[in-house]
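Here chain A shows up in two complexes: once beside chain B, once beside chain C.
Right after this comes the complex of A and B.
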């Protein structure tokens, strides 16, 4: 065997080994949690048990005897409303930034910077305002809090996607007698539909995953799923199986969503940076 | 004409000039209400003695909340823990993410599948990640200590001296994928010509990496570091799920300490002052990011 060939084989082996190890590290925790969720309650606290007769007890209890379905509904509602508002205010703004260059590069960057405002500085006033308005422990409070980061992210994504739509499309439509408003709605909007979907899904994932704001602003029946999950750890072995189910319920929807957005994610994160 | 009409208070048709600002109005109003107003309100609170338990007795305190911070050892402890965390996590994520990106970039088969699976952690609810690892690493219940026991290794993952490092490792599990995502995209968009030239000149793999790949990737690497660093400052969920700042304050980070002072002790004024220190740090990093990104933009055009 020639030396270069040997080296190439060695490199391939190393490459496969490292990527394989990384995959194992990433996937094993999910596998273990899934396994735990299927364990009969008396086996959940036994790390040495890997094979057993699967039991639906944990799943049944979480779905039928706990408030988790309600918390899932809360999280869904918060995410959907937040994203809807973000798209409604974000798309027109993205069009303005992209086509008129409103405010220049600094304005584009301000949108990105808005997402980076530390939650620590926003939570105190948000809580105080909601407290005064008697809106703590309501979903309105969480929606307001989630708007602080979902609106900037969605807008940032959309700027990048609108940038990609050729101007000629709408100019042609306007030559054909459309007003600019009609051209935006009937030409630009359909052209950025994949971008809108990507931005919306990503915004939804961010809202769905938040615990910090929801922990402080909700309680009781208004809890979102992450806050409810945080309450599961009780050190009693029996709860662990139900915790595993709750974790999976929070994780699986976003993983499914992630496969849809991955393709657009890099472009989305790059957002309005290209023309800054 | 349009200006005249406007001055007369008459309704004007949608002119090119007016539309751009009208399209921006909803965004401006929304961000004004949920971001700008809270930012200003928070600053006002930071200048007052503001306790939720004594709302009838809010008094102007000048800079007293800020001065108090400097004498608060718990605040400095939280700052130090946070800096250790950010530095440790971002460094490990950068090295691992870059290494994985380089390997994945040239993976002959299953590249897209491997990428898709390796990216999954960054989408998972951080509180779920925290609880998952609290369970996985638990001395009695956890599968990892059990496996290591078989190898004769015993580690108290959340004990004194180890807890902050374990939290860093959890962050590495969740956010190395983000580095991988950005750096792999960076690698894929590099021009081919310099690599061809290096190959023709007979440069070794190491030389190609240090002299071609690294300089070309520098802008992407810097942006990735700053974005990840900014995000790492917000670490909260793992701490809340696992250690609640312990043992002995060794994992108390700045956001967790603010949460404790503001929403466990209800001393809002002090919490707001701490948050403003964080704003100053963030602002410095965001400015850096702006300079990096605009320089990159100019370089490309």
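Right after this comes the complex of A and C.
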């Protein structure tokens, strides 16, 4: 074996080792949560037990005897409505930043400023407004809160995608007999479809994962899934088995969705920064 | 087919004046080429005619209709962009149909027209494909097809050939000219390539720094350039320019003294322009056309085929001449040669203003 070949193999082994370690760090907790969800009630509080007879008791209870399905529906509804509004607002905003340089290069980046504000700063005014409007404990309040961070992210995502659509496409459509509005709908929008999908999914995940706003603004029947997960931490102790089931229900859809749009996610995250 | 008229058209982008008081008349059915170095305002002029930019002042007429304030869609013009601007999410068929559908034309009529155009441009087999699956040349044809299918008043081409490789470009030039002859539609064509301008235009408009320097036929532009800029811009290799003075009916400069019969009484500092093909080896030109001979050192000979570009050194300056291949035997690099200028083909420009004398 020649020396360069040996070196290359060593390098490959090292690479595999590092990636493997990273994967292990990330995936092990999920594996552990999955095991916990299958443990019979008497073993749930024993993290040191690795071999046991799997039981479906936790899954059955969560699905059939709890309100978790309703909370999942709440989370879905909040996520979908939030994303729909965010796209409706974010796409025109992104178009405006991209084509007209609205507000200058600074405004383009300032869109993300809302993202830098700690939620604790926003929650007090949001809560007061919702309280005045008698909207606390409703999903409307959660949607309003989620819009504060989903709209900027969706806009930021789409700026990069709109930037990549050549202006000439719209101009061609305008010369071909369409108004600017028609040109945007019929030419720009279809061209940024992957971006819209990625932005939508990313925005949905942000909304889906939020616990802070939902915890403060909702309660009872209007709870979202993350709040419900936290709810398994009761004064009688942590209901680890059921919590594990709920956690898996919260995480798996996100993982699946991210897998499908990962290519566009990477592009979208950096996209708006390409051009000043 | 209507012509186009620009009256005192100016365009400013913020503080920058891109076009100053352009007056231009484009005849019905002509093929007019706007040419000039980058940033000269030729593309802006085209976009103003298309309606993609609005004028800062002045008027634009297509035929008798004042279109200055009209939207692009109301002008009935078709444009082909440098990057073709094909809609990536549509098939070739839908790309070509897009403009017709804007007019709410009957689908059967759309189909008939598309098949006609596809046959004319050899796109028949490509109609179901998407732009991403086509070569550059094919995309170019689709863009042209999309323009002609609408039967517009006016074709606008913005450097349509510059993304093609050299061979394809020359082929497309001929095709575009044939197409123009067949359709007779008034065409405005923008290019930075003077050779393309010379071969394609029946009228050429040379622009620089937001102004029109000269308008004329290719022959006028080439043989009677209105000023130094036009003279230098058009022609390859470019015109040789000698600095000097006119005195007593003779040019003096660059170590030369050339009596110029028929120059009249003009005296003062001038630039003498000589095209490379108007510099001849002494004895190869009819005596009544030839200037007094002078000697220059042969530096480099670049053979092109039937002709060669020969670079001579004269008083430290470089001059380039185009010489027939069969005359090359008498030339050796690093030796002196005796040259004459064709004085029927000399160009004199005022050294101050650059204008033709």
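Criterion: the second predicted complex is superposed on the first by the 260 of 276 C-alpha atoms of A that agree within 3 Å, B and C clash if a C-alpha of one lies under 4 Å from a C-alpha of the other, contacts with A are read in each partner's own complex, and residues count from 1 in each chain.
Keep in mind that, in the parts below, a residue touches a chain if its C-beta (ideal position, glycine included) is under 8 Å from a C-beta of that chain, and two chains touch if they have at least 3 such contacts.
As the structure is a prediction and not an experimental result, all values here were calculated from the model.
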{"item": "Clash or fit (per the criteria above) of chain B with chain C on chain A", "value": "fit"}
{"item": "Partner chain(s) touched by A:226 [first = chain B, second = chain C, both, neither]", "value": "first"}
{"item": "Touched partner set for A:118, first chain B, second chain C, both or neither", "value": "first"}
{"item": "First, second, both or neither for A:171, with chain B first and chain C second", "value": "second"}
{"item": "First, second, both or neither for A:73, with chain B first and chain C second", "value": "neither"}
{"item": "Of chain B and chain C, the chain that contacts the larger number of chain A residues", "value": "B"}
{"item": "Which of chain B and chain C A:190 touches, first, second, both or neither", "value": "second"}
{"item": "Touched partner set for A:179, first chain B, second chain C, both or neither", "value": "both"}
{"item": "Which superposed partner A:48 touches (first chain B, second chain C, both, neither)", "value": "first"}
{"item": "Vertex chain A angle, Cα centres of chain C and chain B, expressed to the nearest 10 degrees", "value": "90"}
{"item": "CA minimum distance (chain B, chain C), superposed complexes, angstrom", "value": "9"}
{"item": "Where chain A meets both chain C and chain B, residue numbers", "value": "179"}
{"item": "Chain A to chain B touching residues, read off their complex", "value": "12, 15, 18-19, 22-23, 25-27, 29-30, 32-33, 36, 44-45, 47-48, 85, 88-90, 92-93, 95-97, 99-100, 102, 105, 109, 113-114, 116-129, 131, 144-145, 147-148, 151-152, 155, 179-181, 205, 208-209, 211-212, 215-216, 225-226, 229-230, 232-233, 237, 240, 243-244, 247, 250-251, 254-255, 257-259, 262, 265-266, 269, 273-276"}
{"item": "Interface residues, chain C side, partner chain A - complex", "value": "50-52, 71-73, 75, 77-79, 81-83, 85, 87-89, 98-99, 102-103, 146, 150"}
{"item": "Residues of chain B that touch chain A when the two form their complex", "value": "14, 16, 19-21, 23-24, 26-31, 34-35, 37-39, 41-42, 45, 52, 99-100, 103-104, 106-108, 114, 116-121, 123-128, 131-136, 140-143, 145-147, 173, 177, 181-182, 185, 230, 233-234, 236-237, 240-241, 254-255, 258-259, 262-263, 268, 271-272, 274-276, 278-279, 282, 286, 290, 293-294, 296-297, 300"}
{"item": "Sites on chain A touched by chain C in the complex", "value": "166, 168-169, 171-179, 182, 187, 190-191, 193"}
